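After this come two complexes, each holding subunit A, first together with subunit B and then together with subunit C.
Here is the complex of A and B:
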């Protein structure tokens, strides 16, 4: 089956799109040995700066570089405006959904979402029921994954409302591009994104009713795959980077252990999952959390960003209902479309999925990071049959989507430049207002034909440019 | 500042300082081992000294059986299985820096990370190809670079103070041990405080060079190095940056400038040690016996280290 891919740089006739013309001219004027030399420089700089991630399942915990491609992904401003409005609309609806779910549950009573879908979901936290949060904000930081189909339409692939990562690569990629190719930034107006940490700190401060709350970033530790990002953000914001053992709870307040004694903590930007936060309330084996944290949280003496229990809203089994949420809470039509989704828990949809496995992408509803999924067109017959057995055994744990023809962007590969598939993750911040910096993380699947962009599966990144329309 | 962060900063600089001092020691031992020796004449005693000082000689013998020049050098410099090797000192320093990379400047982090990446490259190549003296020079140079990046870029906050605490605690301890070991190796000759033998000259001047104090010695004493003068320089002179006294002056000042009430025990101990040294003369030291005096002082430095731990690094 021949698929049509949307190429970000060239139109169907092979002509360069207007917003890429300045770059394209520069690219053809720059000798290839200069480009190759700059690419080596980039690798060296990333390596020296230790901008790395750790791969799970790698016994040695080796730190790896995420491959960085020097051809940017570029989006015209007018197009970005739509994406931006769409992301804001979506995150607002999701926050309204979470506030409703943990209070009156109007949306369940109205029959828009079947209650068992939500209440039996692993991400649903009964401990959050009836708890009032400042500004009713649950997902202070959200990452919305977008892809483009053959005709260039943007689709939301998933919402990440727990601890979305990757923003440090967005910022480092831009720094790298400006260092390597300053002339490009002089030739064209590219919207700046470097103020993200500033907006993030504002968002975190506004998440608390206090005037000047003490904000910290909480990491599972230096062996976590995203430790670089945790350290990066705490440094950029100028706040402490804490681990569970640095915190303790006394009289329903959280304190950190400092060289000058105990100091109260008001806002925790936590980068570990709900289950690890408090061994008294959740996973008793967790050595990463803080005993009693939940009691301080429930007493209203602490803000967690994101809140506990946001996972219920970004679960893949809830995802099909997000357009309905937008209509229900905002009384608006969704600006960004969902990818059509078959829910394997429904017998008729399951039989459709089973009959079309080679064409579909099947994902675990709870999974993330590209682990435990089947990409039908790329899988062998044996892999498909193995997956079929797993799917039949537990259909409720899976959803299926058509294999999207992800858009492509020219990318440096071994023998020159070739198109590779990409996605886009803008980061949406919800504080006093909902907003995002113009841009996001563009991930690129470096293997030819691959549609999996996750860094754990060999994906790389590109700088993302929002450029003034030409 | 978080106690854990302070501990990571403190140990980062301790391990780096240790690597530097061990490299200085190794360089001295190596060059002395090349000199004509009394008795056996193979220089193995000299090469075994770094292992003796770091308490890893037994571990070495368990792994390799007999003394062998090349194996001892490798064991001390690059062996991953030797927890006190230069390789591991740098690995631990870098690992501590990694944990607090958000609290040090990117210049510092990139500097120590680059050093570690290069160290791994050297370990793959092996010392034979790199050359032991060149390797020791390299370690020293990386330590200088990191200190330069630290002094030149980091804010003068508690982070800076804990980094410096680690440096001076480690340096005080290492200077004492190096002096003691060299003194022991001279044996009876060193008891003769007026010893003018060529051997004494080479031993003492090698130690002074290792501690970058040869020029200072020449300028202050204008004569050949002898036990009493070398000991005075390395223990009691406040103007020689690697001397015990200089380290204690720094330690006392840094501790006094740290905020909070919980540091009293460490502050008091540092002040006592500093005042004690200030009014000690070298004759008093030699009366007690250099080795006994140093042994007692190594314990005091250990006590100060523990006090810093309980006051700040394991606080609250």
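Here is the complex of A and C:
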């Protein structure tokens, strides 16, 4: 059976969609050698800027350029408005869920989610139970991964509420496009995104009850795959970039060592996982964290963005319940749909999954980054059997979903332009209000037919345009 | 049983310590089993008490002036209700179904628990599990390190109270029973000696029951509880880090006497 893909630029009859017409005309008018020259220029500039990504599982720890494609992914404004409302609704519900879970647990008492699903989950942090956070915000920065099925419907593939990354690529891709092709931005109204660092800083400041809190970005260090982004965001916001060793705790307050002496830190935009934050409270081997940090946090003298314990809400075993959370907390119907999901912990759903492995995508509930998954249609018989054994040994650790026919977007490949599968990660900021800049990060699977867009798995990125409807 | 306790711990360092920070769980809590008449911690610097993630009383001691010694004194009067075998609690026991790196059950522990208990989940079954673990893991100081996991200690067939407790909670959780690590004091048989100790608790029929593998006890009548957690790291009385100081020597002195004698002195 041939799958039907939704192409972002062309309709089923091959005609260019209205919102892409200006770009399409420009593309056919521009000589191909000029385009090729600009693409080489882009590679060079990205390399010089040091925008690289370290591959996990690569023994050399190779830094690699994330391929950038110069054909933008474009979305008409009217369509974007719906996506935007859907993302805001979803993140609001997830924040309400976290506040409820770490306080009264109404949703568990109401029987909407089985308590053991949540409380025995690795992502649940007893350290958060009963702790009051300013504005009840847990996920100040959230990344919502969206894909489109054959008929163009948007689906939420997953929520990222821990330390979602990629926003620096969103911003750099735009800068690059404006530099290489200024004429495109003169000819068409494309919604700006360059105010993201300002919004982020505002969000971080509003996360604290103080008037003018001291905000820092905390990185695990330059060997982290996203170090470039940590440095980039601190520079763009004009705040200090710190590592654990730059901070210390005294009497339940966190201080930063500076040349002018110790300075109290009020908000930490932390880009390391919960387990590494405080070696006295979590992983004792962590050399990346700050001893005593948890005591300052629990005493209410520090804001962490995101909060500790958000992982319980973006775990893939909790994902199936998000539409119910929206109904429970907001009394609204979800604007964005979930991908239908089989929970392998349930015996009847497991047997369905085992019987249909070649058609399904199977994911680890705790995994991220596309490392521990099976894409049935792309897997060999041996790979499927190997995965079957893992699945049977520990069914609770997996969920399965139908293989979505991810939408495609024309992309430069070795032999010209060809459709490649894409997704979209808008970044949702929750401060005084919940909002996002128009667009997000579009990731593209550069291998023909591949549905895995993660940069660790050979994915690239595209600039994302929100354009006026035509 | 009313007790008066004095527990002094001193750390001496070979060189000057530039800065140090300690998480101290040295304060017993009021509960059905134990009544705390008074309890005081004397520290090199004042520290405010707070609650840790598992509800234990936590003092955070931060020292940023150079020091070569830290002395921590705990003084208090408590009463243990020897007749009370279990405790109810309002907090959900479900977080204690999770494992941690120190308490991850490997195949050997999972098999051991299944062989001992089969489909039984009642207190007697866990008591048998406790005896079987004590048989399998000989009490041997020095056989394990503080960072040894339940699986490692079990495979080595030896350990101390920490290893016994880790192995017990790993087995219980593998059977689907919430279980937790307890740190505290144990009063010796002759009632004039108190030692730091660790045991386990398991959630059965809506109550926490004690299982002291090292002493093969299911009645915690000589146990004063300080803290609970998923494992040793969550519940241990002192967990700290320091910069500088070189090697460290630790001396602990615990004095305990029946409380009525206090009045006669």
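For this structure, a couple of remarks:
Throughout what follows, the second predicted complex is superposed on the first by the 470 of 470 C-alpha atoms of A that agree within 3 Å, B and C clash if a C-alpha of one lies under 4 Å from a C-alpha of the other, contacts with A are read in each partner's own complex, and residues count from 1 in each chain.
Heads up, the rule we're going with is that contacts are C-beta pairs under 8 Å (C-beta built on N, C-alpha and C of every residue); 3 or more make two chains touch, one makes a residue touch a chain.
Everything numeric here is computed off the predicted structure, so don't read it as measured data.
In the superposition on chain A, A:119 makes contact with subunit C only, not with subunit B. Legend: residue contacts after superposition of the two complexes on their common chain; A:240 is shown touching subunit B, with no touch to subunit C. Once the two complexes are overlaid on the shared chain, A:26 sits clear of subunit B and of subunit C alike. Of the two partner chains placed by the overlay, only subunit C lies in contact with A:129; subunit B stays clear of it. In the overlay built on the shared chain, the residue A:222 is in contact with subunit B alone; subunit C does not reach it. Of the two partner chains placed by superposition, A:185 touches none, neither subunit B nor subunit C. Of the two partner chains placed by superposition, only subunit C is touched by A:291; subunit B is not.
Look at A:5: by the touch rule set out above, it reaches neither subunit B nor subunit C. Across the two superposed structures, the residue set of subunit A contacted by subunit B and also by subunit C is 248. In the complex of the two chains, the subunit C residues touching subunit A come out as 19, 21, 23, 47-48, 50-54, 58, 60, 62, 64, 91-92, 94-95, 97-98, 101, 147, 233, 239-241. Partner subunit B is touched in their complex by these residues of subunit A: 47-50, 222, 227-228, 230-232, 234-235, 240-243, 245-246, 248, 255-262. Interface residues of subunit B, counted against subunit A in their complex, comprise 1-6, 95, 98-103, 106, 109-110, 113-114, 117, 158, 162, 258-263, 312-313, 315-316. Within the complex formed with subunit C, the residues of subunit A that make contact are 115-116, 119-122, 124-129, 248-252, 279-281, 283-284, 291-292, 294-295, 298-299.
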